[in-house]
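For reference, the structure discussed in these notes is given below.
A, B and C label the chains in the order they appear, each numbered from 1.
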Amino acid sequence: MTSILATALYKLKKPSIIPGFGLTLAFTLFYLGVIVIIPLSGLFVTAATLNAAQFWQAVTSERVLHAYKISFGLSLAAALINCFFGLILAWILARYRFPFKKIIDAMVDLPFALPTAVAGIALTALYAPHGWVGRYLEPLGIKIAFTPLGILIALLFVGLPFIVRTVEPILQDADRELEEAAISLGATRWQTFCRVIFPGIVPALLTGFAMAFARGLGEYGSVIFIAGNIPKLSEIVPLVIVIKLEQYDYAGATAIACVMLVASFVLLFLINWLQKYRSITSGWKGKA
Amino acid sequence: MRRSPTSESLWMRALLMAVGLGFMAVLVLLPMAAVFAEAFRHGWVAYRNALEDPLALAAVRLTLLVAAIAVPLNVVFGLAASWAIAKFDFIGKRLLITFIDLPFSVSPVISGLIYVLLFGSGSLLGDWLSDHDVQIIFAVPGLVIATMFVTFPFVARELIPLMEEQGTEEEEAAIMLGANGWRTFFSVTLPNIKWGLLYGVLLCNARAMGEFGAVSVVSGHIRGLTNTIPLHVEILYNEYNFVAAFAVASILTLLAVVTLLLKSLIEFKFAPEIRAQKG
Amino acid sequence: MAIEARNICKTFGDFAALDKVDLTVGDGELVALLGPSGSGKTTLLRIIAGLEYADAGRVLIDGVEASRMHARERNVGFVFQHYALFKHMTVFDNVAFGLRVRPRPVRPPPAEITERVMALLKLVHLDKFHDRYPSQLSGGQRQRVALARSLAVEPKLLLLDEPFGALDAKVRKELRRWLRRLHDDIHITSIFVTHDQEEAMEVSDRVVVMNHGRIEQVGTPEQVYHQPTNGFVYDFLGNYNEFVGWKDENGDVHLAEDDLWEAQQQAAPSPVLTSRPHWLSRYPELTNAIRKVIPGLPLPTQAASNRAFAKMTRSQMRALLAERGIPVRVFARPHEMFITKTPDDAHEYIPVDVIHINPAGSLAKIELQRKNGTILQAEVPKTIIDSLAIKRGDHVFVRPKNVRVFE
């Protein structure tokens, strides 16, 4: 009887002589509980106070549907574009040597460290009709600021570091011998990249993509200045939530927030599953 | 010098570098330059005036206050969480890590919203709070807690992989030699993680000072009282006071740049030590 | 395919990996590049493959200048120490890779690719594993897949970089024999790199011994083992015992040690060490011993000379020896050591203690310790051990039967 209990307890937590498990776990759970779990549950509890009809109406009003299209569509597009350029950046940072490389490498993290509001006004300054870049594009008929295109640029800005940072270490650690094997077998450089290198970085690329996408969905500060915020045209979902809050339509705000949270959770679990998958297949070292 | 047999042709390399660096320059470096250019558009005097404005100074003080509370608390959390996760093997570890990553997937607006729903008037705890004359939303405590939500993962995320890689052997050796938990932590673990901890703190701090969305929802925008630097920037910008807005924004930009340069300087100077610590 | 490397030089930063190396490999030969780490053998192999470029010198493949040819054009099969298998591809896809990446005009049709791949997998006895992934195979199996993969493109030259280095001893031996048999079957020109001299000797037609970026000796395994041209080659190929000696004017070599033992010992009341000169005056017969070490030395005839001799310190004695002769290093293989309990006076013997006997095999391996602490190794037929009834802790006498001398 006790051995069954012992086995069960062992499965719960392996015994260890290191102290502090109870204390640290309790504190961690307490902190998470107070800061995260309880408030999040508060959201769902509040949402539950709405009846189904109210809820449905709040999340499917025309304005909100357009906002979903804008947010999801542009976040997806930005994440995809970042996959392409981010991969190139990760490649040159991992493999080439050039002056000021270390500084450029640090600057990749800038969107991560820079406050979103600052990014927002800076991008607007650049791409507004009289802005540094905008003034050249205006005569060509290309408007960036205050249009969905502006939102795209902002989302590109905030999403870039995620791709570069997840792919770069994989490329750096990659085993050159695999590439040597491929070319000794007669493959061209492009074939080597497509058949040998790329399959190895796909999990990392997907992880970065999911992170950039999630960030883009929820992004607020960098987008609202450049967006124009015209309902049904260039309005993102987080802005809709804020507007509803300002109008004291807590029910509406909560309902929409629930939808976004579900999307966030799905992405979150996807990202974590991908990371677990990567660690199980031990990355891509080629020392098979 | 002939290129190695496993690398691309010269023109391909040049093309990749041009595309990659060009993208970086336009997307990332240009906005940064724009901040400073706009801030100094009307010269040094206007810049200084903007920064010396009492409302701006109040915003700076508030930002520092919020960071001074949120960051240390998050550091304690980060240390506790990474200790529990890295040094022990238990069921639900993966789930715990997923929860710690939560703020990265959740919109900052929602991060603020949940506290408004919890503590705002007419809400679940709101009545109880106003009975006891405690103001959370639209006041400093609200700012602190919203900032904590958004930034608590930074330290933990930096420390967990580091401590996992370092393993448990050194701590076990210390315990066997008779040290207690605290002694082991301070003498054995802490020195090993000091660089990771520093990075985590730097990033956590930069983000705490710069958080906008969550704080915006929670703050009520009361000038001089609940406006952090980013919120103040927004107000100035919406009043078309562009130079002042960029001037104040330049403080945070400078902070971000300094944070990154510091990080890479440390990596550069202490690279061998850091590599050794990675076990 | 015959390979010729002429005057190859390669440096990495300050480190000179190869210094004016010349090598010729005939068509169909199986050559081993043998040497310690840092000797340049892997660098040379990679330069031949085209994975590195030499700083100076040329590589000729079948007489054609190949130094500018890219690795993929050289028709070379390369096998890596850590296999370098494509983790995300099955065994079949790995082996088929070289055929599938050929440009369309020369690419064989899928049916033919399948046929060739399965034939190769059968050759390496892995046809049943064709849809497994590398992570599901053992080390020996992975290396066979790597070999099959490199053979799939029908290379004219097979290069192997420490192919069995990452495997355990038994698998290594098996694969070694298997490689030799494979080469006997298909006669492909092959060069492989190893630091294991046993491997080089067992597998190759010719051995190239390298050290510090230079080739020390090239020859058949027989030649490099039994006729080494210098101390390094001798040292690297096989075990040995080393002694200090002197070569006198006649070219005779003598061991000049602290503890030479002479048969006249019984005449002395206490153990004699010939380097203690003050004994000499008292035991004239011992001067004979000295004379054997340094023939031509004037015998001390009178008391005066005796006394002169007697006053010599050990170091003066040695200095005298040094004056008279050239110091040399004397080597003897373990199986060239002769052990006895009763030394005769015709030769110089060294007294030793038996500290370990390893009886496994027909040649017992014995470890002997000298008075000065160094260890000698002897390999002696078991029958001799038994007949002499030698056991651990015994005091015996040993001398090298056959020595090799390097200055």
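Note that a contact is a pair of C-beta atoms (placed from the backbone, for glycine too) under 8 Å apart; a residue touches a chain by one contact, two chains touch by 3 or more.
Since the model is a prediction, treat every value here as computed from it, not as a measurement.
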Chain grouping by contact, computed as though chain C were missing: one piece
Chain pair with the most C-beta contacts: A-B
Whole-Å separation of chain centres (CA-atom averages), chain B against chain C: 60
Centre distance in Å when chain A and chain B are each reduced to the mean of their C-alpha atoms: 16
Chain B, residues touching no fewer than two other chains: 5-6
Chain A residues counted as touching two or more neighbouring chains: 180, 183
Residue list for chain C, restricted to those that touch at least two other chains: 50-51, 70-71
Chain A contact footprint on chain B (complex, rising order): 5-9, 12-13, 16-17, 19-21, 23-24, 26-32, 34-35, 37-38, 76-77, 80-81, 83-84, 87-91, 94, 96-110, 113-118, 122-124, 145, 148-149, 152, 168, 171-172, 175-176, 180-181, 184-185, 203, 206-207, 209-213, 216-217, 229-231, 233-234, 237, 242, 245-246, 249, 252-253, 256-257, 259-261, 263-264, 268
Interfacial residue positions of chain C with respect to chain B in the complex: 50-53, 70-71
In the complex, chain A residues that touch chain C: 175, 177-178, 180-188, 191, 195-196, 199-200, 281, 284, 286-288
In the complex with chain C, residue positions of chain B that touch it: 2, 4-6
Chain A to chain B touching residues, read off their complex: 11-14, 16-21, 23-25, 27-28, 31-32, 35-40, 42-43, 45-46, 85, 88-89, 91-92, 95-96, 98, 102-119, 121-123, 125-126, 131-133, 153, 156-157, 160, 176, 179-180, 183, 189, 192, 211, 214-215, 217-221, 225, 237-239, 241-242, 245, 250, 253-254, 257, 260-261, 264-265, 267-269, 271-272, 276
